[in-house]
Amino acid sequence: MFFASDNTGPVHPKIMQALADANTGYAMPYGADPIMEQVTTRIRDLFESPDAAVYLVSTGTAANSLILATLANPYDTIFCSPVAHIHEDECNAPEFFSGGAKLTLVGSDNAKIGPKQLKTAIEGEETRGVHGPQRGPVSITIVTERGTVYTLAEIQAITKIAKSYGLSTHLDGARFANAIVTLGCTPAEMTWKSGIDAVSFGCTKNGCMGVEAVIFFDPKHAWEFELRRKRGAHLPSKNRFLAAQMLAYLADDLWLENARAANAATARLTRGLKQTQNTSFMFEPEANIIFGGWSRAGHQRLQGAGAQYYLWDGALDGDDPTEVLNARLVCDWSASDENIDRFLALIKG
Amino acid sequence: MFFASDNTGPVHPKIMQALADANTGYAMPYGADPIMEQVTTRIRDLFESPDAAVYLVSTGTAANSLILATLANPYDTIFCSPVAHIHEDECNAPEFFSGGAKLTLVGSDNAKIGPKQLKTAIEGEETRGVHGPQRGPVSITIVTERGTVYTLAEIQAITKIAKSYGLSTHLDGARFANAIVTLGCTPAEMTWKSGIDAVSFGCTKNGCMGVEAVIFFDPKHAWEFELRRKRGAHLPSKNRFLAAQMLAYLADDLWLENARAANAATARLTRGLKQTQNTSFMFEPEANIIFGGWSRAGHQRLQGAGAQYYLWDGALDGDDPTEVLNARLVCDWSASDENIDRFLALIKG
Amino acid sequence: MFFASDNTGPVHPKIMQALADANTGYAMPYGADPIMEQVTTRIRDLFESPDAAVYLVSTGTAANSLILATLANPYDTIFCSPVAHIHEDECNAPEFFSGGAKLTLVGSDNAKIGPKQLKTAIEGEETRGVHGPQRGPVSITIVTERGTVYTLAEIQAITKIAKSYGLSTHLDGARFANAIVTLGCTPAEMTWKSGIDAVSFGCTKNGCMGVEAVIFFDPKHAWEFELRRKRGAHLPSKNRFLAAQMLAYLADDLWLENARAANAATARLTRGLKQTQNTSFMFEPEANIIFGGWSRAGHQRLQGAGAQYYLWDGALDGDDPTEVLNARLVCDWSASDENIDRFLALIKG
Amino acid sequence: MFFASDNTGPVHPKIMQALADANTGYAMPYGADPIMEQVTTRIRDLFESPDAAVYLVSTGTAANSLILATLANPYDTIFCSPVAHIHEDECNAPEFFSGGAKLTLVGSDNAKIGPKQLKTAIEGEETRGVHGPQRGPVSITIVTERGTVYTLAEIQAITKIAKSYGLSTHLDGARFANAIVTLGCTPAEMTWKSGIDAVSFGCTKNGCMGVEAVIFFDPKHAWEFELRRKRGAHLPSKNRFLAAQMLAYLADDLWLENARAANAATARLTRGLKQTQNTSFMFEPEANIIFGGWSRAGHQRLQGAGAQYYLWDGALDGDDPTEVLNARLVCDWSASDENIDRFLALIKG
């Protein structure tokens, strides 16, 4: 009953097999291996973007920070949600990689940036000449950090505003696949066809060992990115083992299969929680993350039985067994019906 | 016949097996996994340093840059060899991670810093108050970038000088194991017992997939390093797969076994080259790297037969078949006698 | 009728005289001049802080950014008001000088940080281990960017909270003298006796040509600051001309005399505006800045007559002559009663 | 007898008068003052460059570092002399402002970069793809830090090489006027007509209080520079007092008059030293700096009589009164024949 995060589950056996298969003799280092060439072709095909610049890095923070440093000047400000991973969970990595750019937090509902709020935020900058920061890229996260998913129309509304000010756009797709499953659209539709310039295409949370793709649809950014990646120490010598993961991940729709499993498990858990007395939801679960609340007694039973997840507020210890405490639950591709049902049974008591 | 580098050979089967074995269910992320706990204990034992702070990162540049950024202030200068990897091959990563520290190049023979040269270089700084950079850490590489190995006495001579000025010391051990095999000493003897404060303990070049340990013998640096690692985007969620590599690498002396194989292969190649007419050496090969020269005709035969290695100077094409061109050859753990002998036969023609 | 800012008025004649007087022969450069020695003594006396480290720089942004870079680690976040000069008007200088620290905006009334809001903001950080930024210094501005002045009790409430978390405190005193006049307290009372660790002591806006003092009450920060100042290119060779300004500024209470004149002019203007029909105030003017609104017709008469000030909202051109538009008015030491009365007469029409 | 530096002499009376004259009422801040407009026109005329972007800053380190940060990417290396001010005397300011660029030291005679050495140095970079730093701007200093002056042909030889690699060029003209006097050429000839892209036009050492112009002959760099200047805290509110200095400096050829005086004084001193027994020269004095050696006894007499200058090597105290110790002597515009002759008399004993 591990629902703490999707970043700690097992690696999918097909990915493991691909690593083993890639381990044959020598391969040119630093991305010059033949598997990487296949990855580039595969991602360009998948995203219907024949000129895209494609790179692999080993962490999502690296993907995000390196992209933003490439898109933003150090005297710019990056527009993002107050709960964006780049703001809350990267220990100032975007500020570091960009050489001191600022993040402007755009008020949001359900962790989504709203178009009006974005327009107001953008209008609020560059009103002071050289004195204030300049308008930089707009960054959104899909699936959001609160488990919600922008619709294509919502993405387009945001990128349209960004483009009207000449600003570039970044999609933090740490859970890209889960969002695709929710939206039922193509990768191209969720990205460049909706106005996105660069994507952190996350795989680690969805069955890989540690690999994220960076995709710039306009290859003009390629060389600068490569230099920033190297000086950020994110160019692995044995790149073939990142590439092998990615190739297997994209083969036979494994990436979608895993995301479908994670989303389905989350839906099962959500349905079960809805049927449970005292369960409320902070946000409507739209992919593989749930923010829900139930009684302290339920939490105590669960955690006593070894369930792992984060309490979002409140303390497990407390006098009132009926008090509702919110929790965050995340399902990855490996979540089993058995564990979910056991979890639900424990909540009910 | 792949002698281009030791960073692109195969991963040792025991490491692959360890990855497979680690892939069981869930594990706490970001270094809180139980395998990492074992790694910490194992490295502390191996280095006879019970309080050492131990971390894993996925590239050598990350290990070097993050250590140096922790040891150096942005207004310092780091003392290193003109051919140091941190100077020549990291695209300004030490400057980036440190926030703008400088590197002072210390004249050296055989890629080693000499004590007199170091003393002169140190004396040359901090002579201008706030106007010049301040004296920062001293960084040496063992095995050096030219294939030579500092003796323990040489290391001690350098660290003694550094300490006499209150400077900290870093060992770039991208080929740590190969050096240990050459010197026949313990890890403690090659590091803290010889005055080294922090080590980049490289494993990727010696049979791992992508993992390097960072070791601070004084744990006072621990928390700052952890923050710098995270904001450098070098804290992987699925850290257990770095840890599993490292644990297997250190188990049953696999790290030494691999390094012995690489050094022995290099010795075989060196002996063969010495027996070959026209073969000269730029540096005496002391571990697993050879800088040697032979005729253009020999190079043409080799490269025509598919041998891979870097020409260090000169052009393969040229009129004079007898002209001597230098090359760099590197053996990793997997180099076979068969390939070496075939290589030697081709040189001879 | 120049009320656009107090950063563009004339230099006080006594300051000009001091510059002329300082121009005698040679003086040691970079702060080693004898006038600087007198300045240090004078500021230590004035602030009742015999060990304070005292430096001069030529801009307020330099004072703020260099202090904050000295107090904050690059992985920290600095707590400040959303309208703080360091956030809105320094083009990411604090982020730049600190090597990428973040600014956390603390909701505030009248541009003041409230203690409860600060406590909430501090509690909101360091909840994620290495993933989020670490808690850094708290920075407040007195006189605030909206013309209000913290009481001593308000300062103390803020610094008490900061200290309870072990955080250092910075006072942006771009209009330090105006605040002292408002509060009627001593410099020591407004700073270290109220828990402030470091001060940007502004003089440029109050009759100097271009000089701000940096004061650390704990001299442990001295050397690091000196190095950061030099590498920030803020160490002038002919420092004596900064020092001469400062010495004259502090002699015979010129600094207080100028601030009294500026505040008195502002009070006269405020009284006049209050007597004028249709004048509203966004904030209560407590020093030398007014945020007030009156009819478009009044603005049109004023600007037609050459009055200079910033419209805070709304457009001068518009159909409705009775619509109230807010403006920012600032008085410096040289504001004349005649100009104020003429200004008021024009508003009334 | 103050020959320690030209950065600490008196401000020329005409500059002081200009400051007083500029102190009339209000002026728009941050460079929008009418005097700055005149300065821009005047400098464009003087440099025969009608589109040049012109800015003022208060220190030479600011001019150099901000220009280099504008011309260099953080992953570049800047080519300069080992004794360049930007390398030795700016406490890593170029590294800081550029976000971590490197400086490659180009072996030189007489503090001048030689064309062959430059070509070798440039060829030595960008040989490693993303692994090494990329080739960045070439920076030369005229008058050099050793008192020598590049001929126009020498400048052109350097810039021709830089241009052949597509590299931009910077001239650190801390002593620009002294070099012009030596060369007897126009500012345009010494800069853009000889292939220079950007100039630090120093004035502080030649009779100003504290002002240096930044000149980009191609205005494409203007806006980036303005943002970097602001976030570097080098945009003064009361810019008119920088502008007033500059305007007076350029009026009636005061800048040349002052430099002629300084160079003439240096020539007188050089002649006198040559006539003095035991005086040797480390470099041929070509502008206003002398590196010369004479007996310890001579130094002792001088320093006993209050002469101020830097000993370049050796210690004043010592057994041998005849030992030759080198010293650096610098004359500014105000050096008097009387002091020079007194100085010479003391050397002779």
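As written, the chains take the letters A, B, C and D, and residue 1 is the first residue of each chain.
The rule is short, and it goes like this: a contact is a pair of C-beta atoms (placed from the backbone, for glycine too) under 8 Å apart; a residue touches a chain by one contact, two chains touch by 3 or more.
Since this is a predicted model, take the numbers as computed values, not measurements.
When chain centres are set by their Cα atoms, the one at the greatest distance from subunit D is A. Compared on C-beta pairs in contact, C-D and A-D come out with C-D as the pair having more.
Note on chain placement: the centre of subunit C and the centre of subunit D lie 34 Å apart, centres being C-alpha means.
Between subunit A and subunit D, the centres computed from C-alpha atoms are 51 Å apart. Residue numbers of subunit C whose C-beta contacts span two or more other chains: 74-75, 90-92, 96, 99-100, 130-131, 227, 230-231, 235. Only residues 74-77, 88-92, 95-96, 98-103, 105, 128, 130-133 of subunit D touch subunit B when the two sit together in their complex. Only residues 30, 73-75, 99-100, 130-131, 134, 224, 226-231, 235 of subunit C touch subunit B when the two sit together in their complex.
The touching residues of subunit C, when paired with subunit D in their complex, are 2, 4-5, 7-11, 16, 19-20, 23-29, 57-62, 65-66, 90-93, 96-97, 204-205, 209-210, 227, 230-238, 241, 308.
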